[in-house]
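You will see two complexes here that share chain A, one where it goes with chain B and one where it goes with chain C.
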Partner chain A sequence: MDFGPHFLIASLEGAITAAILALTAMGLSIVFGVMRVVNVAHGEFYMLGAVIAWWVAHLIGIHPALGFVAALLLAPLLVGVLAAAADKLILQKIGYDPDRTIVGTIGLLYIIQQSTLMTFGPDARPVQPPFNTRLSIPWFEFGDNGFEIIWPWGLGTTSYKLFVIFAAIVILTGLWAVMTRTKIGLIMRATQQDNEMARAFGVPVERVYAWVFGLGAALAAAGAVLVVPIQQAHYLMGGDPLLLSFIVVIIGGLGSLPGTVIAAIFIGMSDGIISVFFSPTLAKIIATLVVAMVLVFRPQGLLGKANP
Partner chain B sequence: MTDTRRSQALHAGVILLLIALFFVLPAYHVGNLARILVLAVYAMGYNLLFGYTGLLSLGHALFFAAGMYGLGMTMQFFDLDPATAFGSGLIAALVVSAVVGFLALRTSGVAFMIVTLMFAQAGYLTILYFGEYTRGDEGFVIQQAERVFAGFDLTGPTERYVAALLLFSVCFSLIAYIVQSPFGRSLVAIRENEERAKMLGYDVVRHKLKAVIISGVMSGAAGAGYALLFGYAGATFATVQYSILPLLWVLLGGAGVTIGPLIGTAFMFYLIDYSSSITTAYMLVAGVVLVLLTLFAPQGLAGEIRKRALPWLP
Partner chain C sequence: MNKKNTIISSITRRTALKALGAGTIVASGALPRLGGYAQAQSSEPIKIGFQVHRTGIGAAYGRWYDRTTNAAAQRINDMGGINGRPVEIIAEDDGTDPKRGAEVVEKFATQHGCDIAFGTLFSHVVFGSAPRAGELKIPYFVVSEGHHVASGKLNRYTLQPGITDVKSQVQAMAPFVSDNLGKKVTMIFPDFAFGHDHRDYFSEAIERQGGEVVAKIAIPPTETSFTKYFPNIPRDTEVVYHVMVGPAVLTFVKELGEFFGPSRPEIFGFIDSLEAVDINSPGLEFLEGTYFWEGMPRYAQPDQTSHDKAYRAAVGVDDNGASTSDAKDVSTFAHMFGCWETLNIVKKGMEAADYKGPDDRAKLIEAVEAMSDMPLSDDHPQGAKLFNGKTHQAFGHQYISKVKDGRLDLSHTTSIEDTFYDDEVDYTKQPF
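The block that comes next holds the complex of A and B.
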């Protein structure tokens, strides 16, 4: 195949990665922005979203669409509540000390991951997409072997994959509206800018933190529900999104929401494109090294306000 | 008795105790103890950086793996004898930790953790990428015939224990010496108040770089020792999990206490050993312990002992 169609296909796949990544990374970014803590268990909230989606869809099971819609509503809600509870029980008790939070959330990571292993089991389980019409765009599929398998024309993308991009845009627009147009958003932004001052003005900072932690986890869960008809739910699926979200949040500037979206699009697209033309492993090596270098040589892009 | 004397007596006592345990314990536990001693070397290397210098690294698996592959690959492809291969493992860890330290020390706090995590991840992926030689996740076995050092077959339980104890004792004494030395004291000063240490005229960056390198080489020694004594090198030892384990051991045993890593490693080893006989999800125990430690005992076991009973613990 020529370079052109390859590139088109890679961009489309990259756009899906970018859409999911924007949601997941946004969750991490909000938590860091408002609370100034790094949540290492973020990927596990993502995984939990996917697992709950499978569980809900499995329980309802009448029609894929119905199960999917129920999952899209329930999974983020449940994960959000769980995260808020974790915040109350652990993070609040240690006063959001940055180092101890990292250690604590590493513990939380293993608790969530291993509990899922004990209940959900080690198998990868699929969720049926609500609709899956084939669209006749030339398609290129890559499996474990990377780009060497070259399929002829004829495979199309699906309407569901386009829906994922659309849904992510809708959710992010909604989030933007909440952050900039409502009182909840105002309170969150006030806490982000100066939590002492916000407290002086009667903002219940602890409760805001719990809500923000829950919201961040819910965003990751929403991303996972969208991705689970394409990938499958598995108890170890949280690792990659966590790493990619870190990368996005760092490149975009920690706590900056527009920066996060731009970086997610950039990283998602380039990850998709590099993965098509090079090996996915090499793409990840390059991405992680680039991020490390960004942190080393442009640290102001990272903790701009927290660590002057 | 002065504190220095006490600390010397303590370290000698621990080593003597470990020698005595070899004669007392049943074979199964002697095998376990050999493993614990090698892993404790890893934890001690980690403790120097985390406990004494106050730098939390999430990428020490990279140094462990550098030592492991530095030994494993040279034995596999160049047929080096164990001693030379061990040396090349140390050199690999030295080079890797010098590069990582040089770059990562330009950052601090959360950024330092993430940078080290990213470097370790890149290292892990590199091992996978060159799977043709490293055999990736599957790893490779170092044959019994090659693991003979100066006439001693290191696969035998006695030789293995002696070798592990030797490695441990050297590193244990080294750490005990370092933390009492002016260099170790200035590391603690940096941990307690970096700005003040800088103001007093210490070259903070140089000290920290030295700490990263010593810590990295010691972790590499543990990795090389592990590969040599247990005959296996694999990419699993480079995963994030193996960066988090030394943190867990040190936190549990007591950060900034010389005997902390040994206590933490032994305790956690048996906890995981016991729980993995019940469930496959044994890392759940690690998670619960981490959360409980952050909540209730950030000082760890030896740290609590120091706080309550023995304030002179080094």
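The block that comes next holds the complex of A and C.
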């Protein structure tokens, strides 16, 4: 394939990775920003979102679009409620102590993963996309006949893949509006800045924590519902998103939402482009190297504040 | 003073009770065991340790290997067992993980007291487990397709008599691909031992036919998104040769179709890319008119043998290759016959060796090494095979099917001779 079309297809694939990653990493970032909790089980909430999406779509089963819409609404909700319950039952009981929350969420990771294995089973299961038309993309070249529009072999995407990018932008814009324009957002930001002062002003910090933990998990689940018609639901699918989310959150700055989005786009696009032109392993190596460099030269991340 | 006395007396009572309880357990546990040994070996079951991919990337294969194995054991027991003794399958999950695989083999040998170990599919698990089987001197019958057994990399205790290996399969495919589909081939394969067998031996074989491999695209078996690999397919490719494994195979084939759109080259795949997946899944319509290698035809063919029919009925597979109880549960039909045939070979081997127990393991291996002709029968429903005792590898017919109206129709059957290659090892010269 020529360089131009090749680069375009790489960028499109990268944009999809970036879109899903931005949602997933945003969940991790919010939880850390507000609660100072490193949620190791985050990837499992993602997996659970995909599995519930399959289950809902399977139960409804009339039309793929109907099942998908139901899954997009129900899966994040159910995962969010489950995460909020986990916060009440586990994290609150251990007082959000940093060391113990890590151990606690590792335990949660195994409980969710193995329960899924025991109920959903070890198979990968597909969810039908609501629509999926292949779209060929034209390219131009200056040949013997001057400027020409051509349709290169293999250069194309699907309508659903474009929808994923669009949906991720909508969800993230909605989140931004909630955080900056509503009272709930104000309370969350107040808790993030100084939870003791917030408590003094009557903010029910415990309840805010449960909501935030649920919201973080729901964002991961939403990302998974969007990706499951492209990939498939599988009980081991939570590993990669967890790793990439950590990379994104460290580069972007723990707790910084704009930083998370910028880092997600950077990691997603570079993963897509480097994978296509070189190898997927090199993409992971470079991402890890960037994390190391950020930790050495700018430990607070791109947009993080020093000594939060 | 008074308090102290109470405590002391209560502890004594509790200790006494504990001791009593322990005694009872020991007695009840030990007595029937003694009885069992007294009964001696005549009716003691033959224990076959079944290393199964219940979880991990091989789970779909594991589920069907499990069903086939149980059906084969049931049939052997219904026919009177082996040397008059019933067969007991002891299954352990290896998580499709080489490290766990070696531990499972060790459990079979030392903890469960199994007579043999059996059943592994994924080649990296075979590679991880076979050395341990050799050290523990337990016969290890694999159903893996990898060329590792016949390559001489393993040991005398590892045998593959029930399924053919990749080297012989791809060698038999190359003439068909170059004569019917094209000479310029791009290969897409999983990046581990099994995929490397495909890469190396198919490249050699197609060059002998005057063709060439124009690109080799390796994909990690845990990959979940594939479009990014496809731009590396050169424009002058005439045939795309694909083989993929793992939970994401459906995504792989779907994205391949989306990549090419309406102008696809010829496509030749190994059915591994769609094992346990319905060929009529949405997004796979582009496969119409493409070809697949099949170890055994998934759809019952018009000239179906009575052996194929009996085998399907025993395992619970319908004429479309899906479970008789759930039409959506598609089997790994092109591979799982290997479990059925291997267990029948173990039975024949044990009978020929007059196998009594673990002391006769070497005799069992010698008896299997002495086998050669395995005619088409209920024991070998996939087809006739020739076993090479020196390389511990079976050779057999290969099937090429074409996708037509959402079915796989058999279009070519290779001869056994098409699959032969020179011996690379003589395991019979290795000491036990």
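The rule is short, and it goes like this: the second predicted complex is superposed on the first by the 281 of 308 C-alpha atoms of A that agree within 3 Å, B and C clash if a C-alpha of one lies under 4 Å from a C-alpha of the other, contacts with A are read in each partner's own complex, and residues count from 1 in each chain.
Definition applied: a contact is a pair of C-beta atoms (placed from the backbone, for glycine too) under 8 Å apart; a residue touches a chain by one contact, two chains touch by 3 or more.
Predicted model only: the values in this text are computed from it and were never measured.
Colleague: For A:Leu289, is the partner it touches chain B (first), chain C (second), both, or none of the two (neither)?
Modeller: It touches chain B, and chain C stays clear.
Colleague: Thinking of the overlay built on chain A, is A:Leu59 touched by chain B (first), by chain C (second), by both, or by neither?
Modeller: neither
Colleague: Mind working out whether A:Leu73 is in touch with chain B, chain C, both or neither, as first, second, both or neither?
Modeller: Neither chain B nor chain C is touched by A:Leu73.
Colleague: Where does A:Ile94 make contact in the superposed view: on chain B (first), on chain C (second), on both, or on neither?
Modeller: Only chain B is touched by A:Ile94; chain C is not.
Colleague: As a test of reading the superposition: which chain, chain B or chain C, is in touch with more residues of chain A?
Modeller: The partner making contact with more of chain A's residues is B.
Colleague: Using the superposition on chain A described above, determine whether A:Leu186 touches chain B (first), chain C (second), both, or neither.
Modeller: Touch partners of A:Leu186: none, neither chain B nor chain C.
Colleague: For A:Tyr110 in the superposed arrangement: first (chain B), second (chain C), both or neither?
Modeller: First partner only.
Colleague: Regarding the shared-chain residue A:Ser275, is it in contact with chain B (first), chain C (second), both, or neither?
Modeller: So A:Ser275 only meets chain C here.
Colleague: Touching A:Ile102 in the superposition: chain B (first), chain C (second), both, neither?
Modeller: Touch status of A:Ile102: first partner only.
Colleague: Enumerate the residues of chain A that count as touching chain B in its complex and touching chain C in the other.
Modeller: 117, 122, 281.
Colleague: Considering the complex alone, what residue numbers of chain B touch chain A?
Modeller: 56, 58, 103-104, 106-111, 113-115, 117-119, 121-122, 125-126, 128-129, 240, 244, 247, 251, 279-284, 286-295, 298
Colleague: Provide the residue numbers of chain A that touch chain C in the complex, in ascending order.
Modeller: It is residues 1, 5-6, 9-10, 13, 17, 64, 117, 121-124, 126, 128, 132, 134, 136, 153-154, 156-158, 230-232, 234, 236-237, 240, 272, 275-276, 280-281 of chain A that touch chain C.
Colleague: Which residues, counting only chain C, touch chain A once they are in their complex?
Modeller: 54-56, 59-60, 62-63, 220, 223-225, 227-233, 235, 247-248, 250-251, 258-261, 263, 276, 281-283
Colleague: Could you pull out which chain A residues touch chain B in their complex?
Modeller: 38, 90, 93-94, 98-100, 102-104, 106-115, 117-118, 122, 239, 243, 246, 250, 279, 281-282, 284-285, 288-289, 291-293, 295-297, 299, 302-303, 307
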